[in-house]
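Listed next: structures, encoded as structure tokens.
Shared between the two complexes below is subunit A, which pairs with subunit B and subunit C, respectively.
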Partner chain A sequence: MTMQLQADAQPEAGTQLMKVRGMSMSYGFGASENKILEDLNLDVASGEFISIVGPSGVGKTTLLRCLSGLLRPKAGTIEVSGTVISGPHPDLAVVFQDYSRSLMPWMTTRDNVAFPLQGKGMGKVERNRVADENLAAVGLEGQGDKFPWEMSGGMQQRVAIARALAYNAKVLLMDEPFASVDAQTRFDLEDLVIKLKQELGVTILLVTHDIDEALYLADKVVVIAEKPATVVDEIITGFGEDRDQLATKADPRFADARARIMHRLRKD
Partner chain B sequence: MTSTTSILATRRGTVRKARPRSGDSFGRSLLRATWLIVVVLVAWWFLSANSTNFFIPSLEQILTTLGRDLANGVIVAGAIYSLTNLFVGLLIAAALGIILGLLLGELGWLRRIVDPIIHFFRSVPQAALVPMIIGVFGMGQGPKMGTIAFACMWPILLNTIDGVLGVEPTIRKFSKVYRIPRSLHFRKVVLPAALPQIVAGIRVALPIGITVMVVSEMFASIEGLGFYILNSSATFKVPETWAGALLVGVIGYVISLLFVLAERRLLRWYHASGSQ
Partner chain C sequence: MKETTTAPGWLLVQRVAAIAILLGLWSLLIASGTMPSMLPGVIQIFSGIGEALTSSIFWAALSRTLLTALAGWAIASIIGVLFGLIIGSIKFLDRSTSILIDFGRSFPVLALMPVVIMLLGSNARMEIVVVSLSCLWPVLVQTIYGARRQEAAVADTVAVFKIPALLRFRRVLLPSALPFVATGVRISASIALLVAVGVEVISQAPGIGRQITLMQQAQRWDLAFAYLIFTGLVGWCLAVALQQVENRLLIWKRQEND
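Now for the complex of A and B:
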């Protein structure tokens, strides 16, 4: 089984991985029902980087919790790899916004990364090897014996990314993963995620309230707005594989797309 | 996807930062922990030296008696008997308290059902239970261990439940999304997360255990430190009574010292990460 995991290649680019249809979500019941999401549709193809951008409090975290199987939507369906999900699915991994809370302080970083593999029944030697590989992939080579609390915020978030990669999911769901690090660290992490996507062919769905970040990272930006929230716009960025914090953001298409999204969000 | 493109080099054990030690030598921390005791002992020695009160023997007399009964084995046998009861009782209390606490903490419906019972038993003064339990189960060693276990279980149980309820919600979400199997989730997520609280519960249980240990030997018993104290006091051997009580105090102190040392090792991540 461990060998099979290793050999498990990502599906061919363009294969449909996720399909969300008519999804609605609300908190509470009856008179106190608070509708958050309404009739939301979304398609995710293999190898795609999708940013979902929306204002604060619009329901981005709620959306991601539904997609990751933590919350059951009130209506609609979520398909992953062709089957409708009713809970967490092995093809999905999540990178949480709050890195300092999602890593376990009683485990070394290696153990943190290897732990979900233990849950999959992988042997100790094998899972430690996979953990070390993935720590190296996020630029933390040889740091497996450190504890998360010995590391900076940016490094901790790298560990969380390594953990998601090691889990060998097809889609990584990220909830504002870089919202609580400083600007330079944020740029580094953005470039790391772009690199990982290109080198490993991971499919990424990232939620953010930062329009620049959404545009810089994504192949496709999905704008959600209004109350209850729904998809109000979709933009194919078309910046290609090579991105650069200065050049890409100076691209006239970047400014156009930015203006379009801001306009879209200001309307309501 | 897992096989990354980078060359893998498993450089284990490198770059491990030496964790800062508490910056204190062992001798100094020992001094800080014991100086007041020394002062009290010295004061006691001199203040009691010329005591003529029959019920307040001099410390010298007490220590002589203690030394004599330690040497001739009278009090040693009692101490071993008592400590055996204490440790077995505490072990049972910890095992039951932790297992039940983990279950009750995780299973909300179960917790809501048994909550009133827990709070009832917890509010009964533990020493008051001793005569009842001994009355019901007889005077052997088993009932004494059982009484200690029963009394010590409550703080451990309640703290474990608290610890489980306090597990970081994001870590719970992580465990769900990454489909961690239940038993692994219990052992590697919930248990370590609740461990600081569990350890605090055991620390509360220690003095309760010692009290119940002594009290249980004052009922229908012919062995143990409690019996030694009660028996000597009933026969007006006052220095023996004091010696017994002093020994119980010393034992309690040593146990709690050992416990603090064990806790530091066990919860190193907790203290070092500053998450307390």
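Now for the complex of A and C:
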């Protein structure tokens, strides 16, 4: 099974996977320079689920694009598996905010998931098998022959997640992955991601503006705020493995953490 | 794209009626005696087409013209798509070549013919060169447009998953530009036939164009018109066939737009 394969491939829990030091980012130069991120530090250990929460427009997408190697930060370093990166790294896979556009409409869902594997040089039979396994893992068993545009938004997002999983990266970077689906679908997808993290042992770094979502999913919530944005708070959630949309959100610790984050965000 | 709400049967009746009216007007015009007497009537043209269909010279000439047109068109399509994708997807190439390409597309290729004939002679090779030169620009320009319009999210995906350049070219760039490429290829298919016949008329290279001239010189106006109209019909069939292929290849595009 994939589950077993993937779990075996992941490094031992607690190993340091990403290390961000003094990262700054701005758009434009000189007088028109627009500072977005300043002196950001972040550590990601294997098996961790980290949420980065911040208000709309604070620079979350910019941060994720820097972490994924799509943008070069103006200052600071990003280390992945012990080496400083200067571009996309095979240990990192991304699920984009604009997921429906990031799937290719001329490919079936199976081909979409298998495409990055083809890029790695994997043979057709093998990559189609891996694609089907990962589609099954996200609850899309037997849907490989459909095209993305034949699917609902929630299903497309599952395909994007399957593609990132199939790539067999160590860290999954997700940019507001559930921002544009309805509430019920959103809860289903949140629970799917928690399940995948527990069963496959992948490390997830998810960016969101939704405080409840950040808390519900994560082991550690990193709050970014101010302009230029920097880390203003870090909270270890401590809810353990078992999460439930009702019970976890009714936990008094949930309410406390929520109040603390709201307070931090309001003050700035 | 909006579909008309007319039932297909009714649409067919309308189309047939339009053709009938046109033929009727033609007959009237001939009957009125205002046109030069050499202009053949509808019946003469139809019997001319009948005669042409049984003439081996006609079929040989037509297939010759079609083959040269096809060859020129294929060469232009391959070169146009290849260079179009490369130019359109690389910003600095796109910017630096845009003046050249705008100039090239408005260049009257037919006026180059005397030079090409002098270099290559009145033969199929010359004809293929002129056809390719005429077909190249629509394909090239359309492909460049298509390659420019890459979705940012798709480009990010390709970068994140480190897709190698050749694979990206074949499975991302080409399909995403395909709606534009198809238009260019379809336009140049009709240009190919048009130019091939024109070149044969002017240069007397063998083919249907030359046959048309010969018939005119022999005062067989009915046959000249019959050849002309039948060639037009073939061109129209080609365009319809290409449209069918295009529709099949681009199902995803239409679905996406819904």
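By our rule, the second predicted complex is superposed on the first by the 260 of 268 C-alpha atoms of A that agree within 3 Å, B and C clash if a C-alpha of one lies under 4 Å from a C-alpha of the other, contacts with A are read in each partner's own complex, and residues count from 1 in each chain.
Keep this in mind: a contact is a pair of C-beta atoms (placed from the backbone, for glycine too) under 8 Å apart; a residue touches a chain by one contact, two chains touch by 3 or more.
The structure displayed is predicted, hence computed values, not measured ones.
Annotation: superposed three-chain arrangement on subunit A; subunit B versus subunit C shows a clash. Looking at the shared chain after the overlay, A:104 reaches both subunit B and subunit C. Once chain A of one complex is fitted onto chain A of the other, the partner contacts of A:239 are absent, as it touches neither subunit B nor subunit C.
If you count the residues of subunit A touched by subunit B and by subunit C, you find the higher number for B.
Once the two complexes are overlaid on the shared chain, A:92 sits against subunit B and subunit C alike. When the shared chain is aligned, subunit B comes close enough to touch A:130, but subunit C does not. When the two structures are aligned on the shared chain, A:119 is found in touch with subunit B and with subunit C.
Note: residues 68-70, 88, 90, 92-94, 96, 98, 101-102, 104-107, 115-116, 118-119, 147, 149-150, 167 of subunit A belong to the subunit B contact set and to the subunit C contact set alike, using the contact criterion stated above.
Of all residues in subunit A, those touching subunit C in their complex are 65, 68-70, 87-88, 90, 92-94, 96, 98, 101-102, 104-107, 115-116, 118-119, 147, 149-150, 163, 167.
Put simply, subunit B touches subunit A in their complex at residues 1-17, 168-171, 173-174, 176-181, 184, 188-189, 192-193, 195, 269-270, 272-275. Residue ranges on subunit A touching subunit B, taken from their complex, read 5-6, 8-10, 68-70, 88, 90, 92-94, 96, 98, 101-102, 104-107, 115-116, 118-119, 128-130, 132-134, 136-137, 141-150, 165-168, 199-202.
Interface residues of subunit C facing subunit A in the complex, by the touch rule stated above, are 151-154, 156-157, 159-164, 167, 171-172, 175-176, 178, 252-253, 255-256.
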